[in-house]
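Across the two complexes that follow, subunit A remains constant while its partner is subunit B and subsequently subunit C.
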Partner chain A sequence: MSRLLSSLRDGKGFDIVLVAVPLAFLLVFSGLPLIYNVVMSFQAVDMFSLGTFNRPWVGFKNYVDVFSLPATWPIMRNTVIFVVCSIAGQFVIGFALALFFARGFPGSSYIRGLFLASWVMPGLVVGAMWNWILAGDFGVLNYALRSLGIISENIFWASNPAWSLWAVIVANIWLGISFNMILLSVGLAAIPRDLYEAAALDGANGLQKFWTITLPMMRSTIGAVISLGLIFTLQQFDLFASITSGGPANSSNVAQYWAWEMSFRQYDFAKGATISVVMIAVVMIASVIYVRSTRHEVRG
Partner chain B sequence: MTAQIELKNVEKYYGAYHALKNIDLSIAKGQFVALVGPSGCGKSTLLRSLAGLETITSGAIHIAGERVNDLPPRKRDVAMVFQSYALYPHMNVMDNLTYSMRLKRKPRAEIEAAAKEVAETIGLSHLLDRFPRELSGGQRQRVAMGRAIIRNPKAFLFDEPLSNLDASLRVHMRKEVRALHNRLGATSVYVTHDQIEAMTMADHVVVMRDGIIEQQGAPLDLYAHPANQFVAGFIGSPAMNFVDARISESGEAARLNLPGEPLIPLNGSYPPGRSVIVGLRPEHLSVVGPDAGLALKVSMVESVGSASYISCSATPELSFVVEGTTRLRSGDSVHLAIDPDHVHVFDAKTRLAIGVVN
Partner chain C sequence: MSIAWTNRMLLLVALGLAALYLFPLYWMYVTSLKTGSEIFATPPGMFPASPQWSNFVYVWETRNMGRFLWNSTIIASGTMALTAILGTGCAYVLARYRNGWIDLALFLVLMLQVLPASLMITPIFVGFSQIGLLNYPQLAVILAVTAKAMPFFVVLVRATFMSVPGELEEAALVDGNSRIGAFWFIVLPLARNGILVSAILIFMQAFGEFVYSKSMIQASELQPASVGLNTFMGPNTTEWGNIMAYATIYVTPILAAFVLLQRRIVSGLTSGALK
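So, the complex of A and B:
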């Protein structure tokens, strides 16, 4: 007994306890639901078998069914557009702002702090705000575009199938800019000043310094920002719920919102699970890329 | 001959802080100039102003005859070796060396030939594939120098390049840097706070304090004829002794402000009765038999084998050097003779040298 106690206090036992607690937590709250979800995607699930675990196995039938639905490919396409354009927009604008604030003019750190406002706001609130901005009849965006003479009549952003997905993308870019900017600012701040001075003496102009010093030194930060952006973007649900609800006619529907619709609107839990398993696979690939990009850390 | 680097009335303010005050400096082609001074005196600021990394508030800087005040660093054609080395961590040694050439899109063959030659010059040929993090401090130092050499610039600027190295490597690199300078026929400006480094390496030493140039000249000139008490105390190791004194009636001796008010002879004639500070280098004091010289009590003996540094209790403390080891122990009494040829006299108020002894 005392040996067990002393091993707990300062031996291997303590290490094991330290590791076991978070592992148990992860297993119960992430691992089991994940496994349950994967299992469900290989079963036939209906309202009556929902409460049991022992359901008829159907192999890949759910996957075949999901991929033969007519809505699948447009929704996958929307998802790709949503993810790529959101990340590109967030990253480019966030990086530009990070570079801008890194110049360190008076008040720059305070103004940079203000950008965090978008980050601390719940997605639903952001969605409601963008709903107003994008509103067809009284929205400020239409007002601005009309005043500038860019459009002649109001566009109903959220209910026009040509624009609905872009309405959510714009809101999501706005939401993600601060996250990108803060992370990239941290990365920029970690690059020693004297590298730029050495490069300036070696004959580099501003653009050359950016390509040969900033970008390579930011490699791991950029990898992290983009991988995390991918995960956050694939998780983005609130904005769809509050701006377009995936409509009209699935024109702004994406995989994550669709999975929820399948499960909790149409009560087709098996298809909902199947869609989310596909998404998990994509996120895992992104995570591997992220881990690999941080492994090649070049600072020293 | 026109100067390679010329500074005229250069002033630099950081906000309200006056970092460089009326700097005039002329550096001939091929000269090795050392900037020395205590920490915070503006050495780095001056060097960075030459490089274009700081903009000066007023005055003019000319490099090879061209006014460069408004030129950005990349157009000044000077190379700098930083104290931190500032190697590009994401590039290997080869890429670090050839960075400037690759920016200029020089032909590949030319780049490789230049890199090979420079790597040989600095003895790094076998390390071209390594990354900076895989190099020792001394090797990084060499890469930083190689990166400067490959550009064949109008001037080399060094900002305390050896201060991160251990003592023996530092002594070795001192010689190497100087040899390299000679071989390349380069013009170098070398910042250091170590006066020995400055004295041993440079043709011309510039002593700075609080943003002004206190004195400049050949190393041994500064040693023999310091213009003021600051330079006298800064140049030379161990440091010069200073004793308050008053010039005698005759003007040819000084009465030291020590117990017994000893009178020491001076070489030449000074204003009688003037309050002065007498400067005596430890190496110019010698032990003599009793009944002569200054009578003092030994308070500490430090021996390094080749020489012994002996401090005597007086206010302020007086120290002197003897060759080899010594029998003297703490508490012994000793008599010191002073060579009148080597007595420095400074005005007690202005601290400027008066009637420089020779």
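So, the complex of A and C:
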């Protein structure tokens, strides 16, 4: 007993307690739900069997049901469009801004930091802000586009099925630019200056320097930023809840919002769990790529 | 053109870009100060003609904002405290040793960081309702959000601990400190700033948390401000002045904290996210 106590105070026991308690917490509140999710996706779950663990097993029926719903493929298509366009927009604009701020003029790092304000804001507030900017009749974006002569009639961003998904994409790109820019700035700062000096001596122009030095040197950073972008984009829920609620008629619905809707709007927890399992698998694959692309940095 | 001039031009462009980027934020503040007819004027005015505070008073009273913000504060404080208590020790051990087990634990932590809340809520909701946790909805939300936020905290704080020289701790041990003593009196004070900034980031995240609260807290007097804002924003709403006033009240404390701690937050994020 005293040996145990002294180990806790002074030896390996101290480390083990410090790391075991939080890991046990994570296992209970993240690991178990993860497993329970898979279990539920193979069960018939309704409001009556919600309170019991002893539910009938139905094999792959939930998966078959989900993938034979008429809404499934349009929603999957929306998810792909949402992810690809969000990441492309965030990355290109974020990279351009990172390159601009990398010139290192006085005040650049402070102003660059201001961009992160978007990152600390509650998602619902960002959604409310964009909801108002994108409003059909009196939204300021429609006004700006009209004055520039780009559109002749107001676009009802959130309620027109042709535009609703793009309303959320625009807001999500805005939200993601800052994070992309800050992470890419870190990568840019790590490129040795003398590479550029040597290239300048050899007579390379700006574009050549970018293609032959910046891009190759940033490869692992770019990989990490894009896979992080994928992870964050698939976590995006608040903007859907506050701008379009997935509507109208699922035109802006994506898998991660649909899974929640299945469980908490239609109370079909089995289908909600099934969609979640599929999407979690996608996220997991993305994060393995992320961990691999930062591996040499993780191992330091 | 001299270097000073180039720098001045670049600074101007940078300010322009920042203004363009932060315009939605500005628009929220301006709208919350406008009168009803000004909000729906064409062309929209860039400045409020005569700033009004009535939107704030109205929203604060009719939407019961004090209650909502207090609930957000409870959830955010609980999450921050639990995360800091559990996560700090974990980050310390993960930073101090290098072996296969540590790598495995680190990998697990990284993987748990990426699980989307809207996908995890289904099993968490069903499981919590089965073990009766949903009778204490705010506690249930705190536990769920902590599980979601802790991996991020561990990654950030681990980077801080790695910058504390191990020799200092060894010296304390040679001087007769126990491991607990060396950890408590030497390592923790040296890592204090990093832990504090990470904890504040967790507070900010939990303050805006939505999915878990929306799904698990049914009683409106227990709901946080994010859920309150969501129920305020109907599909065909025209109360934009009030909604923007609500959003302003909600977000201003967070933005104030962000501006004060900006430099530390940015450096904390960049050191943790890629390492």
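Rule of thumb we're sticking to: the second predicted complex is superposed on the first by the 271 of 300 C-alpha atoms of A that agree within 3 Å, B and C clash if a C-alpha of one lies under 4 Å from a C-alpha of the other, contacts with A are read in each partner's own complex, and residues count from 1 in each chain.
One rule holds for everything that comes next: a contact is a pair of C-beta atoms (placed from the backbone, for glycine too) under 8 Å apart; a residue touches a chain by one contact, two chains touch by 3 or more.
Computed from a prediction, not measured in an experiment: that's the story for all the values here.
A.B. asks: A:Q208 in the overlay: touching subunit B, subunit C, both, or neither? Say first, second, both or neither.
C.D. replies: The first partner, subunit B, only.
A.B. asks: Count the residues of subunit A touched by subunit B and by subunit C, then name the partner with the higher count.
C.D. replies: C
A.B. asks: Quick check on the superposed pair: does A:G113 touch subunit B, subunit C, both, or neither? Answer first, second, both or neither.
C.D. replies: second
A.B. asks: After lining up the shared chain so the two structures overlap, which partner does A:F138 touch, if you call subunit B first and subunit C second: first, second, both or neither?
C.D. replies: Touch partner of A:F138: subunit C, not subunit B.
A.B. asks: Just to be sure I read the superposition right, which of the two partners does A:M217 touch: subunit B = first, subunit C = second, or both, or neither?
C.D. replies: In the superposition, A:M217 contacts subunit B only.
A.B. asks: For A:I150, using the defined touch cut-off, is the partner it touches subunit B, subunit C, both, or neither? Pick first, second, both or neither.
C.D. replies: neither
A.B. asks: In the superposed view, which residues of subunit A touch subunit B and also subunit C?
C.D. replies: After superposing on chain A, subunit A residues 298-300 contact both subunit B and subunit C.
A.B. asks: What part of subunit A is in contact with subunit C in the complex they form?
C.D. replies: 9-11, 14-15, 17-19, 21-23, 25-26, 29-34, 36-37, 40, 45, 50-53, 97, 100-101, 103, 105-118, 120-133, 135, 137-138, 140, 143, 147, 159, 174, 177-178, 182-183, 185-187, 221, 224, 228, 231, 234-235, 237-238, 241-242, 245, 247, 256-257, 259-260, 263-264, 269, 272-273, 275-276, 279-280, 283-284, 286-287, 290-291, 294, 297-300
A.B. asks: Okay, in this complex, where on subunit A does subunit B touch?
C.D. replies: The touching residues are 192, 194-195, 197-205, 208, 212-213, 216-217, 219, 298-300.
A.B. asks: For subunit B, which residues are in contact with subunit A within the complex?
C.D. replies: 51-53, 72-74, 76, 78-80, 82, 84, 86-90, 99-100, 103-104, 131-133, 147, 151
A.B. asks: Can you tell me which positions in subunit C touch subunit A when the two form their complex?
C.D. replies: 6-7, 10-11, 13-15, 17-18, 21-22, 24-25, 27-28, 31, 39-40, 42-44, 86-87, 89-90, 92-94, 96-97, 103, 105-127, 129-130, 143-144, 146-148, 150-151, 154, 162, 178-180, 183, 201, 204, 207-211, 214-215, 225-226, 229-230, 233, 235, 240, 243-244, 246-247, 250-251, 254-255, 258-259, 262-263, 265-266, 269-270, 273-275
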